[in-house]
């Protein structure tokens, strides 16, 4: 039993490491994007290999844990949650990678008024808050915190929904910025997906803590 | 009557039959002991135990016979106990389990059933005549030792067999030699059973009459043995001698002597049962 | 933001798994074992057909396989307990730290002080707890009371039994529960400080809680000893062993790291056995 507990702790640690890594990657990517910091973007791209390696390691470790320790009940749900959360974190880091690639390809700065128009700051803040909620909920086994995610995700959904029209208007104003606006639109889409991924992670946490399946359920208004 | 009722009836009938059989034995024994006690109890006093036998019944005592019995008991123990236990240990632990040892086992069991007078004849020829010990306490003790040896061997073997193989395995696995295992684990564990067997065998020896008569124990001995080569008598012979006398006083003496003999037997058996119970508790 | 998370992580690293330091009581004794060309017969029956195996020190190796496959026979080769079985005959070499234990001049009693064994059914002697653990030392002729007392305490601590019995070592060993008795048997083996510990289905007669306690104990023993355990319970093998050997009708089918055997075994026979597809 002691060994099983120890091995699960190691898995837990690895997930926290993955969480920290993805968070850092995304934070840096968003900062690099708004400041046109190519060096910071390179850093994110470079670290992607580390993310992939950790992803594979966690998958293999979960497989080994299931084979050797045959967990049941909360331990089983926990390991299944590990696998899914790992997958989602890897996708988040992937999006960070994608955002950074834009910078490396295109040297010029996105105009500040465009960023303001689409509420870029709010996006960054919201996602940061969601990351924090996830980390807290996970570490403290707090289902309530996890549930707070859903409201935050709605903010992102709204911004994403509005961004199309806002950018359309901006392009009509000044045809020169079309390229930048399209890139910005793509970045906002990625942020919306990151929000969804973070929401999924929250659902996984609720699943393993409460054995309550939230997937594909209509949210109460 | 259906089969359930039939079965219940059979059950009851058997129960009643069993109780009857048991009671018959017990009742007869109780009658016998009661009779003896009535006849002999008031004859028992200190002078009865310390007097030598005499022609006058009131003056006769069991002193010499009692001493003879005690000498026999002690000498037989000294000879039969180590021999019997050692033989039992060897046969059970060391001897290879083959056709020869199986033959040996059967023969030893047979020896336990040979009529005791045959042992008397053997003792007469070997100990009294060939070895020249004469009709002495030693010769008598050696003869009785032969008699009870098979019983002790069998009891030892059974007690050792009862020690589980797992104990031996554990001892060997820790690096103990065969002798260390026997000395430290098997003998202590089987000790109670062995002791029980030895005491029961000895209590039988105390009551043996025929082989001792053949060896030459006398009916009339005016002294107690002072060394192993002295002549002797024992309680059962003394009883037999008194019963064949016509005087009523001697009948009383015989009854009293029987009570003493029974007392000795009961005490020895009681000790055996005590040890057996104590030993069984260890295995609980 | 991310910094805080890194701090949280490092906190968990140190909190996790503070192993009980009881195994620091003894030095590392573990031995290396090699088996070469092993064949075993009982009269005409060929129980083991030809096995080579190497066991590293400080590991737990599990022997698994269906009944009658030879795993117990193979286990008993290491402490020569098969010598007592009628008709036993063997070929090949068993080397412990390089020394062949079946050579003619080998003292079997010395061997068994190096290679201890714990049996399936707990078999404490009908004596006191203290006498049980001290037995192995006393038969070596050791008389120093202080030394014996120290070794007995060390052994009982390693076997995770000390706290439960320290107040009354004179109590009869038979008064202990089944799980405690088995730990006592383990302590008895540890008292002579062997380098190898053999276990023949040590928990199959015990309830789940005692089993879990003993599994934790076995897992901790590998720090200082080499452990080989025969088990019918495959989950037990997967939980506590580093290497697993799968036997089938006298042959060694596969011998590899446990995590490989249970996630992706090389032989189909092995996979059939551990998934329960065996007919």
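All chains are identified by letter, namely A, B and C, in their written order; residue positions are counted from 1 within each chain.
Here is the rule we use: a contact is a pair of C-beta atoms (placed from the backbone, for glycine too) under 8 Å apart; a residue touches a chain by one contact, two chains touch by 3 or more.
Treat the numbers as computed from the prediction; the structure is a model and nothing was measured.
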| item | value |
| --- | --- |
| Topology of the chain contact graph, where touching chains are joined (line, ring, star, complete, other) | line |
| Most distant chain from chain A by Cα centroid | B |
| Chain whose averaged C-alpha position falls nearest the assembly-wide average | C |
| Whole-Å gap between the CA centroids of chain B and chain C | 50 |
| Between chain A and chain B, centroid-to-centroid distance (C-alpha), Å | 93 |
| Complex contact set, residues of chain A against chain C | 1-6, 9-10, 12-13, 16-17, 19-20, 23-24, 27, 63-64, 67-70, 128, 131-132, 135, 139 |
| Touch list for chain C against partner chain A, complex | 1-2, 5-6, 8-9, 12-13, 16-17, 19, 212, 215-216, 219-220, 235, 238-240, 258-259, 262-263 |
| Touch list for chain B against partner chain C, complex | 164, 166-167, 169-177, 180, 184-185, 188-189, 282-284 |
| Residues on chain C engaged by chain B in the complex (per definition of touch) | 79, 81, 84, 109-113, 116-117, 119, 121, 123-127, 135-136, 138-140, 174, 185, 188-189, 192 |
